[in-house]
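Have a look at the structure below before the remarks.
In order of appearance the chains are A, B, C and D, and numbering begins at 1 in each one.
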Amino acid sequence: MTSECSPRFLASDNTSGMCPEAMEMLLKANHEDDLAYGNDRWTARAADRFREMFDYDCDVFFVFNGTAANSLALSAMGRSYHSVICHELAHIETDECGGPEFFSNGAKLLTSPGANGKLTPEGIEALVTKRSDIHYPKPKVISLTQATEVGTVYSREELIAIRAMADKYDLRLHMDGARFANACVGLNATPAELTWQVGVDVLCFSGTKNGLAFGEAILFFNRDLAEDFAYRCKQAGQLASKMRFISAPWLGLLENDVWRHNATHANAMARYLADGLADFPRVSLMFPVEANSVFVELPAGAIEALKAKGWAFYTFIGAGGARFVCSWNTSTALLDQLLDDIRATLNV
Amino acid sequence: MTSECSPRFLASDNTSGMCPEAMEMLLKANHEDDLAYGNDRWTARAADRFREMFDYDCDVFFVFNGTAANSLALSAMGRSYHSVICHELAHIETDECGGPEFFSNGAKLLTSPGANGKLTPEGIEALVTKRSDIHYPKPKVISLTQATEVGTVYSREELIAIRAMADKYDLRLHMDGARFANACVGLNATPAELTWQVGVDVLCFSGTKNGLAFGEAILFFNRDLAEDFAYRCKQAGQLASKMRFISAPWLGLLENDVWRHNATHANAMARYLADGLADFPRVSLMFPVEANSVFVELPAGAIEALKAKGWAFYTFIGAGGARFVCSWNTSTALLDQLLDDIRATLNV
Amino acid sequence: MTSECSPRFLASDNTSGMCPEAMEMLLKANHEDDLAYGNDRWTARAADRFREMFDYDCDVFFVFNGTAANSLALSAMGRSYHSVICHELAHIETDECGGPEFFSNGAKLLTSPGANGKLTPEGIEALVTKRSDIHYPKPKVISLTQATEVGTVYSREELIAIRAMADKYDLRLHMDGARFANACVGLNATPAELTWQVGVDVLCFSGTKNGLAFGEAILFFNRDLAEDFAYRCKQAGQLASKMRFISAPWLGLLENDVWRHNATHANAMARYLADGLADFPRVSLMFPVEANSVFVELPAGAIEALKAKGWAFYTFIGAGGARFVCSWNTSTALLDQLLDDIRATLNV
Amino acid sequence: MTSECSPRFLASDNTSGMCPEAMEMLLKANHEDDLAYGNDRWTARAADRFREMFDYDCDVFFVFNGTAANSLALSAMGRSYHSVICHELAHIETDECGGPEFFSNGAKLLTSPGANGKLTPEGIEALVTKRSDIHYPKPKVISLTQATEVGTVYSREELIAIRAMADKYDLRLHMDGARFANACVGLNATPAELTWQVGVDVLCFSGTKNGLAFGEAILFFNRDLAEDFAYRCKQAGQLASKMRFISAPWLGLLENDVWRHNATHANAMARYLADGLADFPRVSLMFPVEANSVFVELPAGAIEALKAKGWAFYTFIGAGGARFVCSWNTSTALLDQLLDDIRATLNV
């Protein structure tokens, strides 16, 4: 990551810091002492904002990070001998170091392929019907990621079709919303339209990728699943004593639709980058750009050249593949630099 | 907790916010984007400061909260069929909702009484020798809390005697340092003198109670126990993606000995309160005041009267017992108010 | 355990072998091949016999041993952040090496004292009401042992009073029936009268201690708790592939009331021993003899003298305490020898 | 499974009962009372026989079944954040309902394809080198099945090559020996030649499939991994109180090489069946017959026709695939009947 210039970050939306509105609320929350463990002046208010935002009387819990949010939600949705159906590229499968298996005490993830990083009803059905004996974990949960790991989104129609499959086989529906805000913007949909209205039982909504330092919200639209969930969070080391430093910044995102503005900006920057790359020779998009990520195939040597110039980005997607993720604070200036550097690399 | 006046907090050192030096570093860390998962400009630096502070080449990990720190450390120090010896008032026993049992997948806590909240060599030996068959979990770890849950401290001599018992029975030594800074100040000892020099294998050092919003450090002086520990943290939902927002504030505590100043202040405030209470009739200290907590026995009615006046504090210690915990930002003004209110309650 | 004479066993009812009726059925089941995993000609039949015996349409599962039976049942009755209330002498607390904690992934056992090894409603209530915050595991299950670890039995009245307490606090009721047959005989009660009729949700009924080589039955009177329990057994390594070698011997116990005859004999032998000891000087019974165990306090030196003569028995009960357990095959001849040896030891 | 004739079993080697030598020892062990938990006259002797048989001073433990044996061994060989490399058809992956994940509290299985059900060094290396970051479980164990799930065997050369890969990447080597006896016979090799001599750390050796009712042996050639393993077994519900009923029948297998005779017979029967099928039109073997299983592809309708005639066998292997497993008591008469019935089905 060393270069003459300082690093230039498009590696992930978690290289950005806190957005101003979140920081302002954090500073406010620091003005006075307050009660611990969520009994403060901020936490209940943040939970209420979520209920307004989703137009639903859901149960809301705050935890520290995304692995914990997903893992705790999944462990509440099934038991150790159940299985969770997810896409083979799902974060819970590829990037949480066995967190879901650990928190659930052994639940198995059953993975399915699917174009553009998306589960399909057929793929789900194939996994559910493959086995029905007690020698194999019983499918209990579908977990889908909205927006997906490759920057695409599930349409409402796709979500409804997946919910129908869940109903057919008595499965629960979990949504990993690490980039849920970007999906809402990408689909021009309300949070309600993409969650409880299409039968999502539990949503893990990321604040970290939307402009916080830490803090994910777990929303139970199926409130039966939230029974005693506060105990689960506490036992699993996810109850913040100074909870207000999670919930107050969340208020910064939730009030005045800052979450949507941040996501709108990030998505627009991804679009800007994709458009800028459109005419480059030997460069092709790997997936539709529907949220805030751009996956591109670059010619041999280009990735090394860009890294040498100080660009920080991931290349885990296969030979020649690069992922650029835009955030609430990504600038066109930065993207123009990137486009210039790619152009130079390509000798265009 | 409602009253005409706003609440006045002496419930715990986690009702205070961030101290200025920690906040300053958090704001600095927010100036620029940075790499995720601890590969930033702050985390390695903070770990180095710990190594200097302890004068030891220990392994350092940052996690979100104290339950996680203790539970992860203990799970690395033993296996599911081992047991952990601790005081019957230890936080891991009484206030972590089975976190140690959960993270270790079933390790049992064996509790011992002991004056002033402290384990004794005899108490440890009694537990170790009670059973030696495979029908009972095998003792593997001693966990002690420094300062203790009742505001006392283990002297170096006491620690050395406990370590001798650990050696005798091949046990590992864990220190819950939720108020370790206060213990160092209370004993006028260096961090080294209270840890590796007396044979502590792993220390969980709390930043939250010393002036951070979140973030505990786990220090492995016995580095063999830290093998693959980064994976453990990740799997257990304790690897912060924006790690710099934990590590940079820690730098605010570690540089210029702010941690010690904060603890010195808190301890001094506890002493101030204890001294103020000394001449009150029908009020007696329940434990020696050696760190930042004051436990007092109050006459009937006094607790309710104080709560009615907006004082927030815990009373879980038995009939008439109240706990007041001082923090980096507790003021003599606040304590004078408390003393006045107690005096009024007592009709002195 | 070495002595001139061969060992003479009164250590536990698990030093006895298989009773003839169980062995006969095992031999029969070995005559022909049969389907695995309980789909054989014996398993369904044994389950039906249980349903007849209890006069209840309960769900029946067979597992290998008592630790597994109790642990699996308890893990189905609560979750990791729940707690199980039991007597401080309960086998799940003292002799299963943390099995319940392991299978449940961390549930805590809360122990209560109580005369004659029995939980009391008051003791239960004290544990339930001690804490009601999320920092401590939430009580969810009461586990009682019938007959108890000290050879006493809960009367129907006592069971009803405990069930009332369970109802008051929304707790489930588990019965460890390691010596359930002996309790039925001791109380001259039917199995139904001691279980579902008094609100027991789940019973673990031991075959091993009643004349089998292995094999415990878990009976769910509350069938909701048995949902997917077969998967739980399989995952936990408790589904026997050659299940018929557990279920067929069980038929040997269940048909013709052999289980009751075996228990009747064992209880009678305990009574015989107790009566024989009644007039001995310096020998006193520690607990009422209500099932098949006799706990006696012996004068100094007597225990060593008896062990030197080849008697195998446990002495874990405190200074001078010895436990003698009678079984389906304990003979008066053996007990007369023991009485003679004790008499000799006492120089009577 | 209903038909005019009684069922005829070739479904698995666990449809057979106990072999006479094992039964004889079980009956002997039942003649007298004995100490519980393995302190009897049989268990140490059986363990010694294993040490002689393998010509190695290994640690030996007995557990109830194969899922438990594999899961306990694997959990002792790694920790929750580690991964286990196995073939995609491995029993631990496909038929233990998440047992390894449960006992290890979350370890992930990484599966590899491979011809004839066998892992290859290249396949292992591909999995190990795919990821090396803390967001994915760290490979720690290779688990291979000998004989494999499809009735083939690893040659010594193949085992040595896999061990070399294990050494290269610091991995431990586990062998699922559900049909280890059949592999020894198939390869005409000694137990030592196929285990510690080629670097196997831990072997799970099945007695159930070789002629017992229950009871698997776990052999630790790497004795460091066996530290406190007896506690692990106890906690996990795998310590038999009447242990002699596992260990004495094992003696029946181990003395006079009965284990080898049983496996020799079973393998010969599989060969007999395969030879008989060789000339049948439209019937083809799916895998080389190297142990006691025969996998055949049958024409449409044949499977249903055979099942209608009362044949019990598995067909999970894909369209038209049938698995016939021979055992210590499979007779040529039975196989001749099967061949006749297949011939009739084929209208040959």
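Going forward, contacts are C-beta pairs under 8 Å (C-beta built on N, C-alpha and C of every residue); 3 or more make two chains touch, one makes a residue touch a chain.
By chain, UniProt protein names: A, B, C, D = L-threonine aldolase.
The model shown is predicted, which means the values in this text are computed figures rather than measured ones.
Common neighbours of subunit A (L-threonine aldolase) and subunit B (L-threonine aldolase) (chains touching each): C, D. Of the two chain pairs shown, A-C and B-C, the one joined by more C-beta contacts is B-C.
In terms of their C-alpha centroids, the spacing between subunit B (L-threonine aldolase) and subunit C (L-threonine aldolase) amounts to 42 Å. Chain geometry summary: the mean Cα position of subunit A (L-threonine aldolase) and that of subunit C (L-threonine aldolase) are 50 Å apart. Contact of a single residue of subunit B (L-threonine aldolase) with at least two other chains is seen at positions 80-81, 96-99, 102-103, 105-106, 134-135, 137, 231, 234-235, 239. Across the complex, subunit D (L-threonine aldolase) is touched by residues 1, 6-7, 9, 11-12, 14-18, 23, 26-27, 29-36, 39, 63-69, 71-72, 96-99, 102-103, 105, 208, 213-214, 231, 234-242, 245, 312, 329 of subunit C (L-threonine aldolase).
Residues of subunit B (L-threonine aldolase) that touch subunit C (L-threonine aldolase) in their complex: 80-81, 83, 94-99, 101-108, 134-137. Within the complex formed with subunit B (L-threonine aldolase), the residues of subunit D (L-threonine aldolase) that make contact are 37, 79-82, 105-106, 134-135, 137-138, 228, 230-232, 234-235, 239.
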